[in-house]
Amino acid sequence: MNVCAATASDASVDPLAPLLKALRANAPERDRLGGHAAEEKALIRAEGLLLDAVPKKHGGHGRSWSELLGTVRRIATVDSSLAHVLAFHHLQVATVLIYGDDEQQSRWLGATVCEQGWWGNAMNPLDRRLEAHAEADGFVLDGTKSFCSGTSGSRYMTLSAVPAGDNGPMLLGIVATQQPGIRVLDDWDPIGQRQTDSNSVAFDRVALPARDVIRASDATPTAFQTLRACIGQLVLVNLYLGIAIGARQEAHDYAHGGTARPWVTSGVAHATDDPYTLNRFGELHVQIAAGTALADRAAHALDAAFAQGHALDARERAEVSVAVAEAKVVTHRAGLYASQELFEVVGARGTRAALGFDRFWRNVRTHTLHDPLDYKLNLLGRWSLKGEAPTPSLYN
Amino acid sequence: MNVCAATASDASVDPLAPLLKALRANAPERDRLGGHAAEEKALIRAEGLLLDAVPKKHGGHGRSWSELLGTVRRIATVDSSLAHVLAFHHLQVATVLIYGDDEQQSRWLGATVCEQGWWGNAMNPLDRRLEAHAEADGFVLDGTKSFCSGTSGSRYMTLSAVPAGDNGPMLLGIVATQQPGIRVLDDWDPIGQRQTDSNSVAFDRVALPARDVIRASDATPTAFQTLRACIGQLVLVNLYLGIAIGARQEAHDYAHGGTARPWVTSGVAHATDDPYTLNRFGELHVQIAAGTALADRAAHALDAAFAQGHALDARERAEVSVAVAEAKVVTHRAGLYASQELFEVVGARGTRAALGFDRFWRNVRTHTLHDPLDYKLNLLGRWSLKGEAPTPSLYN
Amino acid sequence: MNVCAATASDASVDPLAPLLKALRANAPERDRLGGHAAEEKALIRAEGLLLDAVPKKHGGHGRSWSELLGTVRRIATVDSSLAHVLAFHHLQVATVLIYGDDEQQSRWLGATVCEQGWWGNAMNPLDRRLEAHAEADGFVLDGTKSFCSGTSGSRYMTLSAVPAGDNGPMLLGIVATQQPGIRVLDDWDPIGQRQTDSNSVAFDRVALPARDVIRASDATPTAFQTLRACIGQLVLVNLYLGIAIGARQEAHDYAHGGTARPWVTSGVAHATDDPYTLNRFGELHVQIAAGTALADRAAHALDAAFAQGHALDARERAEVSVAVAEAKVVTHRAGLYASQELFEVVGARGTRAALGFDRFWRNVRTHTLHDPLDYKLNLLGRWSLKGEAPTPSLYN
Amino acid sequence: MNVCAATASDASVDPLAPLLKALRANAPERDRLGGHAAEEKALIRAEGLLLDAVPKKHGGHGRSWSELLGTVRRIATVDSSLAHVLAFHHLQVATVLIYGDDEQQSRWLGATVCEQGWWGNAMNPLDRRLEAHAEADGFVLDGTKSFCSGTSGSRYMTLSAVPAGDNGPMLLGIVATQQPGIRVLDDWDPIGQRQTDSNSVAFDRVALPARDVIRASDATPTAFQTLRACIGQLVLVNLYLGIAIGARQEAHDYAHGGTARPWVTSGVAHATDDPYTLNRFGELHVQIAAGTALADRAAHALDAAFAQGHALDARERAEVSVAVAEAKVVTHRAGLYASQELFEVVGARGTRAALGFDRFWRNVRTHTLHDPLDYKLNLLGRWSLKGEAPTPSLYN
C-alpha cells in the first residue's frame, strides 16, 4: 500500500533491485544519447525476464499479466524506454499465443526459451506500406513499416502486411529478424522514449512461408483475440504509472538530499516540513494510489479473461476493455502530473541538465500521445451513458 | 465493473432493490421536510439490515466491512441521510465489539438482535460539555452533547463523557435511549444530510453504572481499538461515493427521459449523442471508478485488520489508515464533482425544485466538511515524503 | 484592485452601501420563501437605478454598460436574483434602444422615466407557443411564454411572438403589463435564483398595435442589433462574478467572526493563519481577479461597440462577442468554484440552514445552465483555431 | 483581442516581424546547442530595442513598461531565452533609474545609448559569496556570483556584494564587464531557457569606485525602489505568457499543416473540425486571454506607479505587487498548460526531436521555478483574507 516505501525497504531481498539500480544509474546519459541500449537489454535478458510471458509448457515462467506488468511498471520507474521494449517483447509472445496454432506456438516459443531471444514487431496498424505478394508456399514481403519498437537487436518479429492489391485487413506473420532482405533503419529520434528502438524496418523480397502466417487477412477475430489490444493498452497504463512513481521517487530522494533548502519565507527548518510541499506529496500520492488501484484491477480482469481463451464472450471482453480504459485515463494524467510536479518539489536547482529530471515528462508526454485521451473518455461515456460496449479495435 | 449498469440489470434479483426504490421515491420531499424519517427507518429495519454488523455468535449476520459498506454505499445513491444513519448504527455496534468485554458484547448485542433496535450515539469528540460524576457504582451524567446522529428513534446509544473536574480523555459508555433524564432535542437544521437526526442530546442526572462503561478515561487504546476512527472515515468514503453514483444515475435517467433535448447548435438528434455530454459522462465514470477501486481496497484492508483483533500492530493499522485516506480524498472530490456536474447534463430544465437534484450537492457538501481535505493530504504527504505513520486520532 | 477590501472601506461614502446592506440582511430568508420581492424591488427603484440605462436625452442617467454592469455585479454579491431582475430591466431598455425607432424610444423610455417603471420580458427564443395574429392595425397575441424574468410587478414588457401559421423568426413588440388579457402565472420554483420572477405569462387576445412592433419578423438584423445577445451574456458574466465575490465575502467575514476555529492539528492560534486556508483564499482571489479583468475588458469593448450604433461592422461585433465569451467561461467557473469553496473555509459549522450559505451555489448553478459551457469553448476554439467569427445568435 | 490572429495578420506592417521570423527559424537548433546566441543578440541590438527603457532625456526611446513588456512577450513567443536576456537588460536599465543619482544615470545611460551596449547582472540575492572590501575610494570586489543572466557579451553589469565582514544587506554597484579581473564562466547547462547565459561570474580584485556604488548597503529603500522586484516579476509574467502564446501558435500552424490527420474514429474530414480539438483550443484561448488581461492590467498599474517616482506610497506599491502576483499565478499555469497541451493537438507525430516542440515546456518549467507558486498564493491569501500588504522583498 505504501508505494513509496516499497522500493527502499524491499531492496535487500528484491531480486529486481540490482537491475533497477543499474538502469537508474545511467538513464539520464542514455536519454541524451538515444539509440540502442544493447548493454542494458543484455542485463534484462540475463535476469531471465524474456521468459516471463512464455507458458510453462513451452519452458517459460508462465507468469500472469498482473505479475508481468508489475515488473514492467517497476522498470518504468527508472527507465520507461527499456520497460517499453520488455513489455512489447511480452506483447509479441502474447500475439503468438493468441493467433498461433499449437505448432507455431511450440516452434516459436520453444525457440524463444532456448535462445532467450528478444521479440520485435512491425505491426503498426496505421502504416499500410508493407505488402504481401502471394507465392507458391506463402508470401513475399515488400515495403516499409514505421514505429517498429524493439526490432533492433531482436531475433524474431511479428508483422502485419497488406495482401497485395487489397484494401482490407492485414495478415499477421512472424519472421526471424536476421532473415535476408530485412533492414532495420535508424530513424527514431523523438523527444522522449528515446531508447525504444522504434525505427522503421524495410523489407526487400522477404519470404513469409504459409506456416509462419498466424492470422489470415480474412479471419474474423474471436473475443479472445481482440484482447491483444487490451494488453497493449495495459502496457501503456503501467508505463505511465511507472513514470509517475519514478518521478515521485526522484522528488522524494532530492528533498531528502543535501541540496534541498526550505523557501526563504516558509518559516520551517527543513524543506520536507514545508506545509505546501507536504500537500504536494500528498497529492502525488493520491494520484499514484488511484492509478495503482485501477491498473491492478484491470490486470486482474485481464488475467481472468485471458485464462478463458477462446471461450471468452463479448461482454466479458468489454468489461476488460472498460477497466483498462479507466486505468488509462487516470494514469495518463498521473504521469503528466507527477513528471511536471516533480519540479515544484526539487525547485530551480533541480533543472540542471545533468540531473536529467525532464526525461520523465518527455517520456510520458511522448507516450501518452499513442491514442487520444478524448476518445478514451468518449468510449467510457458511451459505456456509462448508453451502455455501449467498446468496439474492439487496435486501440481498445 | 460496470457501475452504471449494476443498478438496472440486477434489479430483478436484487434483494435491496425494493428498499432503494422506496427511498428514492420520496427522497426529494423528505429532503425538503428534514426531520425524522420514522417510516423509512422502519423499512430498513424490516430488511434486517440492523443485524449486519453483529457477529454470528451473537445472533447477527456477521457481515464483513466490505459487504456492510457496500450496502451503505448503495443506499447512499438514493438517500445519503438514511445511509448515514444505518452506517452509524453499524459503527456503534463496532464500538461495542472494539471496547466492550465479553459480557457487555453479549448483553448489548444480544439485545440488538432480539429487539432489532437502532443505535444512536453521543460521541462528538470536540464537545466536552457532557460530564460524568463518579457515584457509588459508576457515574451520573450531566450536560449536553451535539451532533448525536441517529439518536432520535434509537434504543441504545454510545456516548463519551468527560470525568468531572478532569481535562483529559473521555470515558466511553452505553445507555438505553429511553432511560430517564435523556432528552433528544430538535435542533438539527442543516443545508444537507437533513434526515440524519444529528440533534443535540441533553442529559439530566442520567445513571451510567460501571458495568456499562466500555472504556475508562485513562485507558490506552490498542492499535485495534484505534481502527474505530478508520471505520468512521470509511463510512464517509462510501457515503461520498454513493452520492456520486446516485448523481450520475439521475443524470443518466434524465438524459434518457423525454425532457432532454440536444443543444441547438450540437448537430445531433439526441442529447445522448452530444460529443461533450458523452465525455462528461466518461469523466464521471472515471472519477467514480477510481473512487470505487480505492474504497474497495480500503475496505478489504480494514477487513483483514479487523479480523486480527488486538493482535493488530501499529504498522498494519497505519496502512489501513493510509488506504482509507487515499479513498477519502478521491471520493470527496468525486462526490462534489458529480453532484455539480449532474446539472451540466440535465441542463436548465433540471433546476426545478420539485426534482430536488440539488440535494446531492447539498448532502455531499455538508458531509465533506466533517474534517478538512487539506489535513488528509498533509497526512498522506507525511507518509509519502517522510514515512510518518498517521497519528491515530478521532479523524484518522 | 483589492476586490475584497472595496466593500468594507468604501462603505461610508458609497451610495450603494445602504441598499446592499438591506438586501444582504434578509437574502437567506427570501431565498427560502422564493416568490416576488416587492419591497426590495421598491428599494432598488427608490435608488433611481431604473433610469441608468435610459439615455440622457430621454431623461435617464445614460450610464455606460461598464457602469451599469458594475452596479449589477455589486448587487449580485448579496442578491443575485434581484441583480438579475435589475439587469434584465436594463436589457429591455436596451432592446428599445436597439430595435425601436425614434418615436418608440421616445414614447416608451419617456414613460419609463416618468413612471420609474420596471420592465419585464416575454422573449424566450426557444418557446414558440405565443402567436401573433394579424389584425387591422397590427396583431392580436394568443398563447403562453415561459421564463418571463421580471414580469411580475413590471409596467412594460418586451415580447417575441411567432406570426400565426409561420415557421420562421419571431417579431418583437412591447406591451403594458397591465393590459387586459395578460396574466402572469406563479410557476417559478427553481433550486436557485428563486426571486427572479421567471414565471410564465399567458396572453389571451392581447392587442399589439403596429406602432408597438419594434422588429418585424422578416427583418434582417444589423451587426449593432445582434449586440443584444452580447449584452444578455455579459449580464450573466457579471451575475456569476458577483456571486463569486459575494461567496468570498461571506467566507472572509465568517473567518473573522467569533465562531471560526482553527483545525485541531493545524498548530495555529487563529483560523485565519492556517496556511491552507490562506492559499484557498489566494486561489479565490486569483479566480475573481481573472474574472474581473475579463469582465471589465468585455464591458469596455461593448461600450465602444454600442456607441457606434448601426455603423458597427461584423468584425468589431465578433470581437465583442469573443471578449464576452472569454469572460463567461472564466466567471462561470469562478462562480461555481467560489460558492463551493466558501464551505471549505467556513467548515462544518457553516452548514446551518439559517446561514443560507448554500444559496450562492444554488444561484450560480442554476444560472450557469443558461447555455452550455462546452459550446462557448467550441465558439472560442473556432475563433482561435480556424479564425471563424461567432455566428450571431440568441446566445452569442 | 484576438490574440491568435495578431501574429499572422499584422505581419506585413509589423516592424518586429522580421526579427520574430529570424528567431523562430533556428530556435529549435539553438535550444539543442545552448550557449551564447551572439548573432541573435546582434539582431535584437540592430533593431534598437536596447534603448527602449532608457528615458528620452538620456537619448533613449522612453517606452512605458506596457510597451516594453509587450515586446518582450512577443519575442518570448518564439524564443523565451532571448526575451529573457532583453528583459533583464531593461531591468538593469531600470535599476540605474531606480537607484542611481542624476550623474550616474546620465553617465551610464548615456553610454548605453552611444554604444548600444547590453547590460548583464550579478545580482542574485541568495548568493552571498561576492564580497566588497572597503578601499581608499570605494571597494575592491572578490568572489563569485551565480545565475548572472545576460552577462556574456554584455558591456555593463549591475552587481550586489556583501560588505566584507558583514552579515547584513548588500550594496549595489555598476561595473564594465570588460574591466580587469572579471571572468564570465561557462557553467550554465539547464533543461530549459538554455540561452539566457545565466553563467557564474568570478571577480578577482575588481575595482568598484565609490561613484559607481548606486546603493549603500545600509540604505533604506523607498516604496518606489522596491518596485524593482515588481518589474522583475512582471518580466516573468510576460515570458510565461509569451511561451503560452507561442505554444498555441505552433499547435495552430501544425493543425493547419499537411501532416495533421483527424483521429480514426472522429468522423470528421479535417483535424481542425474535431470537436474535442476545437474545445482544447477554446481552453487554450481562455487561459491566454485571462493571462493577457491580468498581465496588461498589472503593466498599466506599474506604469502609473513608476511615473510617480519617490512620491509613490506603500499602499499604491502594494496594489502593483498584488496585480503582478495575480498575473503571475495565472500565467504560470497558462504557460505550463499550453506547452503540455500543444502535444494533445499535434499528436504523436509532433514528438520528433527535429521539431523541438518540447522546448516550450522545458523553458516554462525551468523559469516557473524562479520562486514558488505556493507562496504567491499565500501572499494573495494574506491580502484577500487579512488585508496584509505584501512585504516588499526580492520576489514581491
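For clarity, chains are labelled A, B, C and D in written order, and residue numbers in each chain start from 1.
Here is the rule we go by: a residue touches a chain if its C-beta (ideal position, glycine included) is under 8 Å from a C-beta of that chain, and two chains touch if they have at least 3 such contacts.
Computed from a predicted structure; not experimentally measured.
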Query raised in the report: Can you name the chains that touch chain B as well as chain C?
Result: A, D
Report task. Look at the interfaces C-D and B-D and say which one is made up of more C-beta pairs in contact. Result -> C-D
Report task. Please compute the C-alpha centroid of chain B, do the same for chain D, then give the distance between them in whole Å. Result -> 53
Query - CA centroid of chain C to CA centroid of chain D, Å - result: 41
Report summary line: For chain D, residue numbers touching 2 or more other chains are 275-276, 279-280, 374, 378
Query - Residue numbers on chain C that touch chain D, as the complex places them - result: 1-5, 248, 252, 255, 272, 275, 277-286, 289-290, 293-294, 297, 301, 319, 322-323, 326, 329-330, 374, 376-387
**Report entry** chain A contact footprint on chain D (complex, rising order)
**Finding:** 126, 189-192, 263-266, 276, 280, 336, 340, 343-344, 347-348, 350-354, 356-358, 361-362, 365-366, 369-375, 378, 393
Report summary line: The residues of chain D that touch chain B in their complex are 275-276, 279
